[in-house]
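Take this structure, written in structure tokens, and hold onto it; I'll ask about it next.
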Amino acid sequence: MIINGVSIDDTFAEAFGMRGIRLIITAYNETWALNSANAMTGFATSVIACGAEAGIERVLSPAETPDGRPGVSVLLFAVSSKELIKQIERRVGQCVLTSPTSAIFAGLEEGDPVPLGKTLRFFGDGFQTSKQIAGKRYWRVPVMDGEFLVQDTARMVKSVGGGNFLVLADTQVQALEACEAAIREMRKLTDVVMPFPGGVVRSGSKVGSKYKALSASTNDAFCPTLRGATKSELDERIGAVLEIVIDGLTDASVKKAMEVGMREVCKIGAAGGIRRLSAGNYGGKLGQFQYHLREILK
Amino acid sequence: MSVIKLTGGRVIDPANGINDQVRDIYVKDGRIVAALADGDKVSAEYNVSGRVVMSGAIDMHTHIGGGKVNIAREMLPEDHRGDPVARTEVTRSSCGYCAPGTLAAGYRYAEMGYTSCFEPAIIPMNARQAHMEMGDTPIVDTGGYAMLGSDDFLLRMLVANEDQKSINDYVAWILHSTQTLGIKVVNPGGISAFKFNQRKLDLDEQNAYYGVTPRRIIQTLTRAVHELGVPHPLHVHASNLGVAGNVDTTLATMEAAEGRPIHLTHIQFHSYGTEGDRKFSSGAARIAEAINRHKNVSADVGQVLFGQTVTASGDNMSQYRNAAFASPKKSAVMDIEMEAGCGVVPFKYKDQNFVNALQWAIGLEIFLMVEDPWRIFLTTDHPNGAPFTTYPHLIKLLTDRSFRNAMLDTINPDAKAMSNLAALEREYSLYEIAIMTRAAPARILGLTDRGHLAPGAAADIVVYTENADRERMFEKPDLVFKDGELVVRDGKVVKVVRGNTHVVKPEFDRGIEKKIEPYFRRFHSVRMNNFKISDDELCECGGGSKLIPHACGKRS
Amino acid sequence: MTNEASSTVVTEVACPFCGLACDDLSVDTAGEALAVVGGGCAKAQAGFARLGVSHDGASARVGGQPASLEAACAEVARRVKASAQPVFAGMALDVGGMREVMELADAAGGVVDHLYSEIGWRSTRVVQDVGYVTTTLAEVKNRADLIVLVGTDVVSKASRFFERYVWNDEAMFEPAPAARRIVYLGGGLNTAAGQSPDGRAADVFDFDRARMPEALSTLNALLAKQPVSEAAPLGIELARWQALVEALRAAKYSVLVWMAGDFEPAQVDLNINAIMSAVRALNVTTRSNGLGLGGADGELNASMVHAWQTGYPMRTSFASGIPLYDPVHNGTARLVEQGETDTVVWISALNDKTPPPPEAKVVIAPPTLKLEHEPEVFIPVSTPGVHHVGHFFRGDKGAALPLRALRATRLPSAAKVAAAITAQLKEVSA
Amino acid sequence: MSALVLALRNAPAQRVDVGSLNPTALAGLSLADIAALTLSVGKRTVRVDDLFELSGDDSSDVVFRGDCSKLERIGAGMKSGRVTVDGDAGAYVGQGLLGGDIVVKGSAGAFCGTGMKRGRIEVTGDVADFAGAAIPGDMKGMAGGLLLVGGNAGERLGDRMRRGQILVSGNAGDYCGARMIAGTIAVAGKVGAYPGYLMKRGTLILNALPAQMLPGVVDCGSHRLGFLSLLYASWKGLPGPFGALDASACTVRRYMGDMGVSGRGELLVRGG
């Protein structure tokens, strides 16, 4: 399959079942909502070392938030319910509770309960109070700028992490600009985040390593500088490869994001130095989800 | 003159060694007679062939009257709302599940085949009220035990090292003045200690003011009761009620009696060890072994059964501590008249709660491991462990091992694991149940004309249809006679009579009043003469109850 | 029961004319009226004098005309039988009288309501809602080192409180009675009795007693080591409140005394709740107790008997055949005002001063009771502790005193009248 | 189907417990069954059709007509459905309510909504003393749901209230929120003396404080409290002034108390 001169590999992205959640952070203004959200979703690129993968889903207008203030919705993903609960407790505790004027609410109505204020309330040292409003419980924790308002319980759902595609281009700059264009469009979608910095990752990995301590190591087959020295996947024209990783609340949202991103890359086409689209997988042995590129772009 | 004949019943009368023999019983003017005299004409004959006949049951430890019980009634309107007793042609309306009104209590006791009930904790100053409440408890005979041991008069006598004879005189004077049947000691000296802000008192720990130890109080009072010839041994609610590890205190308390008769009450609450992860374990085996070995010791169990109840005790030191566990969250604690105190704490025993479930198992373990049914009594310490209306259920637990084990499987699994109940194979026979609920209580209280069916006994008689389901059998007797009157038919009161009041009148030297009278004038709130209850007054308090004195054979 | 055969003075008489039920009275029975010659107080003297005559000439009346006791009882039975909802009110009775009225009320499907129940139910609510930590008079007499009188002077209603239980010659424990510390919370009280024998004046926190919630709120906040909103609550420097709190903490056996009837009616249970809150806070480290005094006019006789027989406190309706407790709605005044009762039976053997409500169709009371209206049935009764023996619960619930028969009379007791009506009622039923 | 109408033939002289005549208890009963149920009127036992004229057939929608001020426990314990009172109701309206709606088009007696856990009670007129409060001996009063009062409330509004919301368009009497454990009470008019006496937790939202305040209720200053915007938004459209509040106007003066009994309750004075 070739689209606008871009060759689409007959392969698939291999993604994993994860636990995901949406939270809504509000603040006095958008800046402070973003400050909190950025901190909370920072250092959350890969579950391998960060415990969670997270990102800002979108900015919300006052009309869209529970308390009528500017807000941001964020998505967080982790490999298990237990880990997600732990990550939320830490990240909300350190990055939202601490952030001036902030409040935080559940962004999903359905799913399994995740303690939010239920555990954070104890920061109030007995001065915390709860309120039940329209069937939902909230905690009010006294802090130095007033009260930190936090919903007692949020909901998490089964979701998908690790949707991806690889952009193979003539040069590093061409690969990067194509990815930037893809990310711009993908960020208009809901239910997904691209957890790496700027949404793009260069350090694709393979399973295993020559070093016993490491379970993953650089994907040498896609490293252009090793083209002659290893069993390379790259022909001589490819000068750089970049990857976009997608975590989404649903299978469909990940698929949709991959499609939007890949089509944007294809628009640039061979004329812009884009040669191939490929995807990372583990031979289909590890992940429950497989996204076949050619099927998505059919 | 009325003559009644019960024809062809299967009589179970352990006091007279009769086990399931078919016999006719004749009742003449309220008393059992061997046969009819010439000219006697049977006015009512009941064919009870095939049915089980026993004497009326006796509850030797049930909180049915006195200040703390009335506080419990007042405290718990929510208890009563769901449990009314409707007015009928013969009965009045009343209500209450765990803290029933006296009317409800009397009717329900009679409807379960109980014909005598004894209030075990009468604060001497409160004896009038206790007798009034018992007097308003219809049908059943009543009586009570006067509480001593934290009263300042006795403690002062001990400090002054007064001789045992004087103490015996004081104890006898209390029995006469309060019109009671025995002496009870509750957390010996501990109620007094609580007034001096002591929050615990071990058997050999000194009262902060008097320096007197619980051991000395028990020694002195067991001796006094024994020497006065009071049939019922000192009735002891031991120190450290409910405290993990109190099994040691309880065993030491048995020793403190120095071989004299002693009755340990609601011993389940005093049989706790400190083993296991939660530092709470069963001490039942050690307690049962000690009772089996010490023939001077008897005990009633104070079985816990699951559900809502209220705990009412003279032990305000313990009850102040227990108030933290009140459910619903309310409690009354009182210091009372330089004599004692009381504490009322509602409580809900939960089968999934480790401690409650183990308490349940410990009580049953004690029942099953104490070998002699003449020295272990069937009580729930109403209402502390459960309301008395649960007795038929308790009887089923004791008589039906498979039922018991099925229940055991439903309780808190950690508690089950800590109990050896499943290994106990004993099933009480009807004969043994008759001992522990009739013959033995009558004997230990000195009630010579109750608890048996020989000629001369009062005609307190119960007729049951045998049912393999002992709970069904015992909750609804076919017939209950009280002093020869048919009061219950098919588990419902058909006639209301007034029970008698049982008392003891040991001999003593009235000269003791020369010491007591000035004490009252100096320190008490009433005059001595207004404290004492005369025979006439007792009958008035009892609303016309007949006074039945029981003999005391002086032993010193 | 006389000192010597020739004396007409009876000693160690218990007095049924207030909740203290002092039992050290000497009463001379020689005259037409009974005379208190030892112990006692003005109220006792007046009570024994007024009621302590034989009243043998008094007769029952039906429709204002003299009638036999039997006829009068039958008429009452007929009326309560026909009534849609009878109320038995007054209830200034001894235990025996109350016992019989209870049987009557149940048989009649009525409601029983003591003349103080409007306060009483609110007071009872405390044990129902939170319970209490309390003590009794003999304990106060021997142990109390700090007595705080909350909104009451006690003596206006129970005059010998200090004489008999505070300023005694000796106590069993420290301190000596004369060293006791007395504090009054509230102004307008008769604080003279609180002055110690050696002339130490009581510590009076003088404020409008309707503002008692403010005082108790202050005390509880300070006991909990929490702030209060004012520098001088109720116009009294915070330092004085703080000093009182320190004294309570330091006391070995403090006693907080109240009389429910001395609180604003709407505040009764809340104020006692607040007192109990303070007492419980103190008991964490020391001993402190409440002492609620009441019991005048047989209030406790009525409430105790009612509770033990039926399980419920007063203001319980027996109309439907099972007891239904509703103290808010079963008060006599309300039932009358709302037209829910057609028959008020006023029964009072101890009180001949409180007039029955004008709606009372039946009055069973001492012949000395002044009636503004002639009821449809009037039955004169004797008085317990004067004409017949009986029992009386003291206001601290610590004791039930035996009452003596000091003066013969041909009048029946209230118990006897109630029993006669019940018997008649059952006749009517049968 | 049309609403089951229970029209009083004559107002009874005594209070009558009609708690059993609610949609949950009547479900599945025929009109004849309902007519034959019995009630106690004083000492008399009467059939439902002695007391009421019955019409309609939808027992999930019960309407009481006539002077119902002696009828007690209207709608008590029901789980769903609707009960309407065309006029005044007696005491204990909606006692222990578990769901559904009760509308009193008039005033209600004492202890309105006591022990209710869910559902909604709307009283267009006044409620007497102890609305949303615990009955003697109960550990909690209202325990959930919504009580809307169009007129005034008596003393001890929400006494021992444990959860839920009470909105009073008019005034409330003395000791509003006494012994409150949790929940929210809002009063648009004035409140009487000593609000929050022995209050442990919970929220009173007031327009002004009365002159008589407890020293144990302390001023914590003026603040914007975010939860109020959620609360006000949840009330949007309710009858009365609370249905029209500006959700963003959530700056209040905050008082805490009663400090002697945990002191975690709050009195929020609007516009503070």
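Every chain is named by a letter (A, B, C and D) in the order it is written, and numbering of its residues begins at 1.
Convention: a residue touches a chain if its C-beta (ideal position, glycine included) is under 8 Å from a C-beta of that chain, and two chains touch if they have at least 3 such contacts.
Quantities reported herein were computed from a predicted structural model and do not represent experimental measurements.
Across the assembly, the mean Cα position most removed from that of subunit A is the one of C. Each chain gets a centre from the mean of its Cα atoms; for subunit A and subunit D, those two points are 48 Å apart. With each centre defined as the average position of its C-alpha atoms, the distance from subunit B to subunit C rounds to 33 Å. Centroids built from CA atoms put subunit C at 76 Å from subunit A.
If each chain is reduced to the centroid of its CA atoms, subunit C and subunit D end up 35 Å from each other. The set of subunit B residues that touch two or more partner chains comprises 75-77, 329-330.
In subunit A, no residue touches two or more other chains. Counting partner chains per residue, subunit C has residues 124, 128-129, 325 touching two or more of them. If you check each pair of chains against the touch rule, the ones that pass are A-D, B-C, B-D, C-D.
Of all residues in subunit C, those touching subunit B in their complex are 1, 12, 14, 23-24, 95-96, 99, 103, 106-107, 124, 127-139, 141-143, 164-165, 169-173, 252-253, 283, 286-287, 289, 303-305, 307-313, 318, 321-323, 325, 389, 391, 393-394, 397-402. Contact residues on subunit D toward subunit A in their complex (touch as defined above): 144, 163, 182, 184, 201, 203, 223-227, 229-231, 233-234, 247-248, 264, 266.
Subunit A makes touch with subunit D in their complex at residues 66-69, 103, 126-127, 129-134, 138, 140, 146-147, 149.
Taken in their complex, subunit C has these residues touching subunit D: 83-85, 109, 121, 124-125, 128-129, 211, 213-214, 216-224, 226-230, 233, 266, 270, 273-274, 277-278, 281, 319-320, 325, 327-329, 339-340, 342. For subunit B in complex with subunit C, the residues that touch the partner chain are 65, 67, 69-71, 73-77, 80-81, 84-87, 92-96, 99-104, 125-126, 128-129, 132-133, 136, 152, 194-197, 209, 320, 323, 326, 329-338, 344, 522-527, 529-530, 533, 537, 540-541, 543.
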